[in-house]
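Structures follow.
The following pair of complexes shares a single chain, subunit A, combined with subunit B in the former and subunit C in the latter.
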Partner chain A sequence: MASIEETPLLKVDSVDESAPATSMWADAWRTLRRNPLFIISGILIVFIVFVALFPGVFTRENPNYCTLENSLGAASSGHPFGFDLQGCDVYARVVYGTRTSLSVGILSTLIVVFFGSLVGAIAGFCGGWVDAVLSRIVDIFMAIPMLLGAIVVLQMFRTSESIWKVVLVLALFGWVSVARIARSAVLSTKNLEFNTASTALGSTPMRNLFRHIIPNSLAPIIVIATTSLGSYIVSEATLSFLGIGLPTTTVSWGGDISNAQSLLRTDPMVLFYPSVALAITVLAFIMMGDAVKDALDPKSRTA
Partner chain B sequence: MTESNNVKASEVSSASTSTNSRIATADQLHEQQLAQGPLLEVKDLQVDFTSDTGKAIHAVTDSSFSVYPGQWVAIVGESGSGKSTSAMACLGLLPGTGHVVGGSIKLDGEEISGWKPKEFVKIRGSKMGLVPQDPMSNLNPVWRIGTQVKESLVANNMDVSHEKRSKLSKALADTSVQLKDEGDETFIGSKELPQLLEAAEKALVETGCEGAKLEKAMADFRTDWVAGSETRWRVADDLMRYGVKDDDAWYIAKKYVTGSTMEDRIAGLLSEAGLPDAATRARQFPHEFSGGMRQRALIAIGLACRPELLIADEPTSALDVTVQKKILDHLRMLTDSLGTAVLFITHDLGLAAERAQHIVVMYKGRVVESGPSLEVLQHPQHPYTKRLVAAAPSLASQRIVSVKEHGGDASAIMEHKVDTAKLEANDTIIDVEHLTKEFKLPRRKELFKAVDDVSFKLKRGTTLAIVGESGSGKSTVANMCLKLLEPTSGKVLYDGQDIANFKGKSLLDFRRHVQPVFQNPYGSLDPMYSIFRSIEEPLHIHGIGDKKSRAARVRELLDMVELPESVMGRYPNELSGGQRQRIAIARAMALNPDVIVCDEAVSALDVLVQDQVLQLLNDLQAERGLSYLFITHDLAVVRQIADDVVVMQHGKLVEHGTTDQVFNNPQKQYTRDLLDAIPGGKLELGVDLADKK
Partner chain C sequence: MGKYLLRRILQMIPVVLGTTLLVYALVFALPGDPVKAMFGDKPVNEAVAAQIRAEYNLDKPFIIQYLLFLKNALTLNFGETFSGQPVISEIARAFPVTIKLALMAFCFEAIFGVVFGAISGLKKGKWYDSVILIVSLLLISVPTFVTGFVGQYVLGVQLRIFPVTAGSNPGFFDLLMPAMVLGSVSMAYIIRLSRSEISTNIPQDYVRTARAKGMSNTSVTFRHILRNSMIPVVTYLGQDLGALMGGAMVTEQIFNIHGVGYLTYQSILKGEANMVVSIVTLLTLVFVVCNLVVDMLYAALDPRIRYA
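After this line comes the complex of A and B, so read on.
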């Protein structure tokens, strides 16, 4: 039995004033900072964004300046990755392709998160027939395979020269998954006691929605947004590969991969570089999504 | 073996499972317990958990206790004191990263603390059983109850046709008779049961037994002779008690009691645990059971392999008090008759004292006090135990008188004298008239009446407690008083005005005067809001003051609930349950309300913290003349805080009176049952509480 001296009585329920104050976000940040997955993906993403913003820093070549005499030329000084079939500098095309892929990914994600969470939040918060109607619409979109739908829609806009058509198509078929997640997040937050408490304090339903429910539902939405950013980049590449994505004049990894596929057996390196760039970018975002998920939802931590 | 020996055996053996078990005298039991030595001996146990950062967290730093065969030992402590961890270490079932780093655990003299998981498997179930805490989540919803009992029997290779005797009951029998024949422990099988009863009737008739006596004997046999639970020598013994000759009785018992099947045994176990109609129940699924029934099924599983030690981890804390009493009474009877020792983990000192012979008090991972129950209660040595004894509401209800000894500072302590003057004054602040609320249940046509014609009055400056078990409709009443739910019929008057008419501005005004404090201290504060923002929110909504004056008000409120200013910048996840509940009270007080509706506001808190919050509520009432509508399931708490009591059952008002009336002179059986079920309520305490603080 421990003697009295060994277990001094503490003041009942005293506050530990020495501990630093942490909100959920500060806590998440602390977890993130220590996660190697986050550090690696963070560095990669910062680098990728830098490349997308300032491609000129990395190459002086013009990706669209192609001369057939360089066709399939080997790597040489100033042209580290060599030349493709059209005689364009592969390195320059990979560098400039970053901007396209990243802007498609980020723009699609922003639109998807905005509309998806809005519809989801309204459905979850209102309930009743509003929820029923919105949920059925979501179900209908869910039933359409994203790529198949995108192919059909993009066929109609073959002539358009803008990356926006791809962004909008990706958003059109992507918002539903965010809407579902947002709806369930709002549903589970809606019934928590602090909302009842807030109502009893006199706040209106709308105030509850914007001040309490949505901020508390953000975490899963952020997680899915980070993870799906990578998948939008892949989808864009896929569409460009199929020849119905970005206009041929735009430098994009998907388009380059498509052009290089015939050279797989003779000059695999032409295919290799844009593919690796794509893979690294997507991997970085998916790793980031995983790290964010671990930080925001400690329950789902794997190890 | 002679028959007379068997008769003797039945007299002294504690091995019977029937309700009229004949238990060895306390002295004999005690002697045997000491002779056999401790069944479980934990010494200087240390358990660490590893945190995310790899740091060791010392959950248990110094825990020592022993459990003797057939003894009930209770470990008492608040959440986080290491009581469950100590017990789970004995079973080798430490969760997550927990591991034993020091000390020893001896089972039957054998050191088990360093065992590998494989070795633990051998003793779990067969030597040590577990009754887990939460009956709702500890049964697998996809398997039938019977299958889950069977799992335990099969896993331990139990012989389902013979009873297994604990060493203790064998030893007790051995003191007067030699070891019984194995065959005498054979269970009745359901197949032979009708023939057995027939033969028994015939034998009784032969002895000249007839009429009412015969009827009674047969009725007794039918209820007592449960297939898969009663054994051969019990049958013979019963027959002999009704006058059948020894030889005939043994002839019948041997002929017709030939062993039970797995199904019989499962049903037998469930009926031992107190489930009626066990054979049918065994084929049902967990969702068809109430919480109490599930806990009984878990007890059946825990005892299925006749362990010598049963570890019961807060087995009834999720259940209503009346159910808790029934289940513990039954478990007591069962373990006494089987000679099973019980390590009983609880946060409730009153419950521990009432149920266990020996109490171990844990605080911050250490055992601070250990001793015979009454000894610990009446002469607590450690200041923590003293504090615990003083604060335990179930015990407090017995010592209202002691308040007077405190003289001047009586208002500062929580014992509350019923304020008759205020109750008699005709100053009603909330008037509930014939309140009824019906809910539509899914897939049901008829409406469910959650609240049925309830009327009461809350007088200004007093506390009215609504008491009832889960499902009694008490929270629904609270929500209607808060205008968070609209009543189906009847009305709630606030200060003479019907609250149903409040809209817009008048509703906002009503909100300002009537505030809630909810049960769950973890759910009622927005986790994204800092404490400052949480408390400031009502001021913000009602547009009171400017930024500066609001900040000043928040400081004032924090001071009122005795929290340091530094918590303002913190978030709810950093505070304990009691601190959050104080924040919730501060938020409710921000608008200077007249009425606070406390919906189970202290139920989730540890005893000492609960005591502290109740004191705070009481002080606030005294200072500001607040009126409380206090919803609780805990009658012990009611005694400490309420002036008026409303008892509800199944949505109806059962009893209504002042606290003194209800406690001293309950009118309805239901109220009496509730009062009876307060754990430790009947314990005599001669504690000197002068040094309570």
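After this line comes the complex of A and C, so read on.
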């Protein structure tokens, strides 16, 4: 870093004023575009979303068509990953499982972000007793480890055939972390000058909240949403692995890993493929979260 | 400090009450009849069902049920399992195993997390920094049960270094691989956390001052940079100790360790709601107490917290 004496004033003032002003988002996008982490994870995520939307492009096999005569069959033409114990095509199940994992992750994240930021924004914006009550509720949910809480709730719905039970349970125990971050973001934005200016110009508190405070508090919420997506996918797989997550009729990586558990010593590859698919998906979202964090939080930018 | 401690303990009371109420409500008041669930696929015998309802106070209003549960819980009386064993003695048998496993995982993640994080943060940009970063990113993305299987397959089945499963009365060596698996994700988070803390502390003014007054490099690193970087790491570690006990469920399932997680899982399979609610309540208490200890440590390490 150069000392003050070495830097002429002219140079300090020589900001190019003719250049168009860049917003925080444009600035973040420029940082993102140059980040190799973002490019790699972006390509992976686009690919994963494509597989989830059009599984038929990648395999013609039906993941639920299993014949026992194929049980533990080796890889062959048209069945690159071989067959599992029930004689199902492992490759087809990995391809179709993408949709399940991704839907659960995205739906949970959307609900969590919506409710978490709503509650957090209300708590931060209203302050006083509203904040006190909401913050205590957040503390209570925070004290329950997510996996345990999810298990307690899910054991009540073991007969349900819907993926929504897992989505809602993840959301039920996940919204608090977003609420905390949204609250502190709103608190720090609330007293900034542009809000005072907006109030002086006659806007109502509600207009202030939706037009100024929420848009300016979005960055930390987006960061936690991206990182959480990966962790919800892991949680879903863990719950399905424990046998209380998704119904067994749904093709899911967690369920397949759980079923292949007993094959560890004899046919580890049946266990291997869905695990790798799961790990790559989660890795993609975690890398994306890191990249987004670097772009939106200038303080954490690595030199 | 005393005043701060008192305030934090008083703040803990509503959280503990609220959390136990929430867990209790989730288990006993949600749609789905726990008594019916006990019968499984068999037809429900109304007389037996009524008897069970009376035994668990399920015929009383919800809030009375909860208060009775709380009163019994204070004296560690959690009722009996279906086979007539007192719940607390089952828990007392399983808890030491899980505590042992969680403490081993804790030591593993604390030591290796901080050491690798410090190496990586102090030598940013070196090749081993990149290796450490990539490995930690991989450990975070791979779910615990996959890490567990890989460990079991490579270290247990192929190389035969560690026992593949631990069994009912595991010793230190039996628990070594499960503890590493359990602690691996948190270790990766600690590496990342210490690395980023250290790299934000290195360019700080106080570090420059310390160097300017002639302190040796080792002194500056250990007494200033590392010490200040450890504050958030300690917070993370403390919160994680509670989470490890709850997270042990998957690890215990894979390695067949008869701890609290295993017990919870078996109780869920058998539909023993009473056992589940007791364990979750106890684990939540452990979690809350751990957080309190962390806050105390935090206040001791950073005087600014005490006066806030």
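Criterion: the second predicted complex is superposed on the first by the 282 of 303 C-alpha atoms of A that agree within 3 Å, B and C clash if a C-alpha of one lies under 4 Å from a C-alpha of the other, contacts with A are read in each partner's own complex, and residues count from 1 in each chain.
One rule holds for everything that comes next: contacts are C-beta pairs under 8 Å (C-beta built on N, C-alpha and C of every residue); 3 or more make two chains touch, one makes a residue touch a chain.
This structure is a prediction, so every number in the text was calculated from the model and none was measured.
In the superposed pair of complexes, A:Leu148 makes contact with subunit C only, with no contact to subunit B.
Once chain A of one complex is fitted onto chain A of the other, the partner contacts of A:Ile137 are limited to subunit C, with no touch recorded for subunit B. Using the contact criterion defined above for the overlaid structures, shared-chain residue A:Gly230 touches subunit C, although it does not reach subunit B. Once the two complexes are laid over each other on the shared chain, residue contacts for A:Gly245 go to neither subunit B nor subunit C. Of the two partner chains placed by superposition, A:Gly116 touches none, neither subunit B nor subunit C.
Of the two partner chains, neither subunit B nor subunit C is touched by A:Gly124. Across the superposed pair, subunit B and subunit C touch subunit A at no common residue. On subunit C, the positions that touch subunit A within their shared complex are 14-16, 18-19, 22-23, 26-27, 30-32, 34, 37, 137-138, 140-146, 149, 152-153, 157, 196, 199-200, 242-243, 246-247, 249-250, 253-254, 264-265, 268, 271, 273, 276-277, 280, 283-284, 287-288, 291.
Per the touch definition, subunit A reaches subunit B in the complex via residues 1-2, 4, 6-7, 9-10, 12-13, 15, 17, 19, 21-24, 27, 34, 192-194, 196-203, 207, 212, 215-216. Put simply, subunit B touches subunit A in their complex at residues 53, 62, 64, 363-364, 366-370, 382-384, 387, 482, 484, 507-508, 511-512, 514-516, 518-520, 523-528, 530, 537-538, 541-542, 563-564, 566-567, 569-571, 573-576, 578-579, 584, 587, 591, 608-609, 611-612. Here subunit A touches subunit C in the complex through residues 136-137, 139-141, 143-145, 147-149, 151-153, 155-157, 230, 234, 237-238, 241-242, 244, 257, 261, 264-265, 268, 271, 275, 278-280, 282-283, 286-287, 299-300, 302, going by the rule given at the top.
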